[in-house]
Amino acid sequence: MAFYEKLMTMDRRVVYITMALAVAIPLFVPFQVPIHTTSEVKSVYDFIESLKPGDRLLIAIDYDPNAMAELHPMALTICRQCFAKGIKLFFVTLSQNGPGMAEQLVSRLSKEFNKKNGVDYIYLGYKPYPGLVILSMGQNFRISFPMDYYGTPVDSMPIMQGIRNYDDMKAVIAFEAGWVADSWIGDANGRYKLPVALGLTGVMTADYYPYIQSKQIIGLMGGLKGAAEYETLAKAKDRIASRGMKVQTITHIVVILFIIVGNIGFFMSRRKKL
Amino acid sequence: MSLNVVKFPVFPHLKKIIFPPRWLILFFLFLILNPVSSYAQEDLSSSWFNYHRVNMLVFLIFFFAVIVIFIERAKVGKSLFIRRIAGLDAIEEAVGRATEMGKPVLYISGIEDVDNIQTVASMIILGNVAKMVAGYETPLYVPVCMPFVVPIAEERVKEGYAAAGKPEAYNRDNVRYISSEQFAYAAGVNGIMMREKPAANLMFGSFYAESLLMAETGLATGAIQVAGTANIHQLPFFIVACDYTIIGEELFATSAYLSKEPKLLGSLKGSDLAKAIIMIILAVGALLDTLGITHFASWFYIE
Amino acid sequence: MGTGEILWNGLALFLTLSIFSILYKDNPFYKIAEHLVVGVSAGYFAIILYYNSFIPKVWVPVVHESKFLYILPTILGVLMWTRFSRKWSWVSRYPIAAYMGIGMGVAIPVTMQAYILVPLYATMQPIGFTSMALFNNLLVAAGVLCALVYFFFSKEHTGAFGGVAKVGIWTLMVGFGAGFGLTVMGRVSLLIERFTFMRDYLQKLFGF
């Protein structure tokens, strides 16, 4: 069997093991990679920095545990920045397995910053059918969320006094692992003019760049790289994403090498056939 | 009685809706053109008409009109040309290969609900695949993600088998609800792929992060795979992992081509005309903007 | 690390490795993990729906607040259960029709605004070769036009029209390439998180 034929018929388990090693080894080797910030991430950071204490932000935790690796670090960093600035946060989740993610985030950060439920933040909880929920919140939060996640009527909470709909929010920072992002852009921004900033999984990121040019979103943070950039801008102490970027760098080099090797094999075998 | 043959005398009020009296038209024109009220409405939630989006209404009416006209043309039997989508041959080839091998065909309709037009298109293709499969007497598995899709998928498969003259071959249990959770669904589908080893995997509909997981597993099992989605961000994975990929709007064109349904054909032709108009607007707008004339582009600005 | 944490995190570690084991070949551990994901997810969703939808949107309004209008959508929802009867399954078409009608009504204006008119307006920018910004605008506008030509179904892709369509598909492929690259990053991120979890667990367990 010729060399290029071996390349083409390489057992996929070799690829898996190489990738596993490329991820595992850097985790035990201390080194850092430089993180350069991009304008789309900086615009989100600048927007939050421009807010004043007492301003209100809607935080949408629309991801499941499977997207936690990419979205949890950026959600943590942004919520920390907001709580440190005294911004009031309204948490909501429109993803089926999102309630647990949001609950974890809310309980961890409220303890860390000594924030009170119903005063400094509110966790509205989960409702199915995101598009309809997003539209209903544009009229009144109480339509979809008469009670918060813990079963307390929202009208009994100080944070909800005088709050009706998106007009009372500065923006929504939506952390998205699926098509709910389209609803935030189309329904919340399109219909109710609510400014939208997105935190996205890597898979989705490329698709949402056009909305920056059309000014339908303030900016976006794409995957672990976006999270690492945000940590750099916010000078975060807990740099989970930034630590992951060194592993990303090594694995990307391995992937590029595989692509080159695979293409050499492909073109050589094609030439042989011709 | 089919709705298509309902005449106005049966429902006289329909005529009033379709041809409203003159005073009503004048009233709406007044609302639309009234310059004072158009800027006096600050609280949009309390008004019936958002004056800042009249341009959108005009576009909607125009596109609706174009589509309705083409649908009517298709209904009266006018020939509407649509180029053949290469992916169709790929579907037939995949089903044929499954038949030769005596293995099942797996049909995946995406992870979104019936309100998503891709799921609707997928259901139409499913009906035709069921017809094809029934003809060959090949088993067809349809794992479904959203509960609302299950009854529709059942109906489509049943109709397909009936259309092929083999209603008795339809097995209701082959249309299975797996899970509404994205990755749980993917895990379930992957399990079917690994265990049942279908010879053909057909994936049409709205897909997200689970697309590569399923397509990769299908590739590993050696199945011939044909996929189609309008979710642009998932197309790269289908392109690398599938034998043929139907890209974006080709999915809707495929459903129209297969069904020959006047509504779908008319919609496709109407959207083609709409696209041509958008292309002209875009080219003219960009050129005028370059020359410093921004007034034209501002017609399309939505506040 | 307490006993509970050791056990639960140990179970998580075992399930992670069970899922990874499919990379070697199909096996009982993968099957257990797979069925557990599907089952837990379905059960979790049912409970979440009960407490987040049924209680606040049906039970409380109807029973505690006497808002009987809420019974109407509830009946529509209950009609979906007729799917279980072969004789009455046709009834479920009514809630489906209502749901589809509402869905379409909501989606069409939004699509026209957010995905057609606003991007169209944003693409109508000055174009040219004299600066990078103008050239970028030109690339975007030309790419959009060529891609639209590819999705034009009323004419065969032959001759000059076919050539433009080919440029359109190349443009799309460039976009797909960018998407694929970002996806590699996304998938590796998931792997990093799992490996980090395993490393931290083992470090805590064995103290190295």
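The letters A, B and C name the chains in turn, as written, and every chain counts its residues from 1.
Quick note on the criterion: a residue touches a chain if its C-beta (ideal position, glycine included) is under 8 Å from a C-beta of that chain, and two chains touch if they have at least 3 such contacts.
For clarity, every value in this text was computed on a predicted model and none was experimentally measured.
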Chain whose average C-alpha position is farthest from chain B's own: A
Centre-most chain [mean C-alpha coordinates]: C
Whole-Å separation of chain centres (CA-atom averages), chain A against chain B: 29
Separation of mean Cα positions, chain C and chain B [Å, integer]: 17
Interchain centroid distance [CA atoms averaged], chain A/chain C, Å: 14
Junction residues of chain A, two or more chains touched: 66, 96-97, 201, 203, 206-207
Touching two or more other chains - residues of chain C: 41, 45, 102-103, 107, 109, 113, 118, 121, 175, 179, 183, 186-187
Residues within chain B bordering two or more other chains: 180-181, 183, 209, 232-233
Residues of chain A that touch chain C when the two form their complex: 13, 16, 19-20, 23-24, 27-28, 66, 68-70, 96-97, 99, 125-128, 131-132, 135, 145-147, 149, 151, 182, 185-187, 189-191, 201-203, 205-207, 210, 213-216, 222-225, 244, 247-248, 251-252, 255
Residues of chain B that touch chain C when the two form their complex: 53, 55-56, 59-60, 63, 81-83, 113-115, 147-148, 150-152, 178-181, 183-185, 187-188, 190-191, 194-195, 209, 212, 232-233, 235-237, 239-240, 247-250, 253, 268-269, 272, 275-276, 278-279, 281-283, 285-287, 289-290, 296-297, 300-302
Residues on chain C engaged by chain B in the complex (per definition of touch): 22, 26, 31, 34-35, 37-38, 40-42, 45, 80, 83, 89, 92, 96, 99-100, 102-104, 107-109, 112-113, 116-118, 120-121, 123-128, 134, 137, 141, 144-145, 148-157, 169, 172-173, 175-177, 179-180, 183, 186-187
Chain C to chain A touching residues, read off their complex: 23-24, 41, 44-45, 48-49, 51-53, 55-56, 60-61, 102-103, 106-107, 109-111, 113-115, 118-119, 121-122, 140, 175, 178-179, 182-196, 199
Of chain B, residues touching chain A in the complex: 45, 112, 180-183, 206, 208-209, 220, 231-234
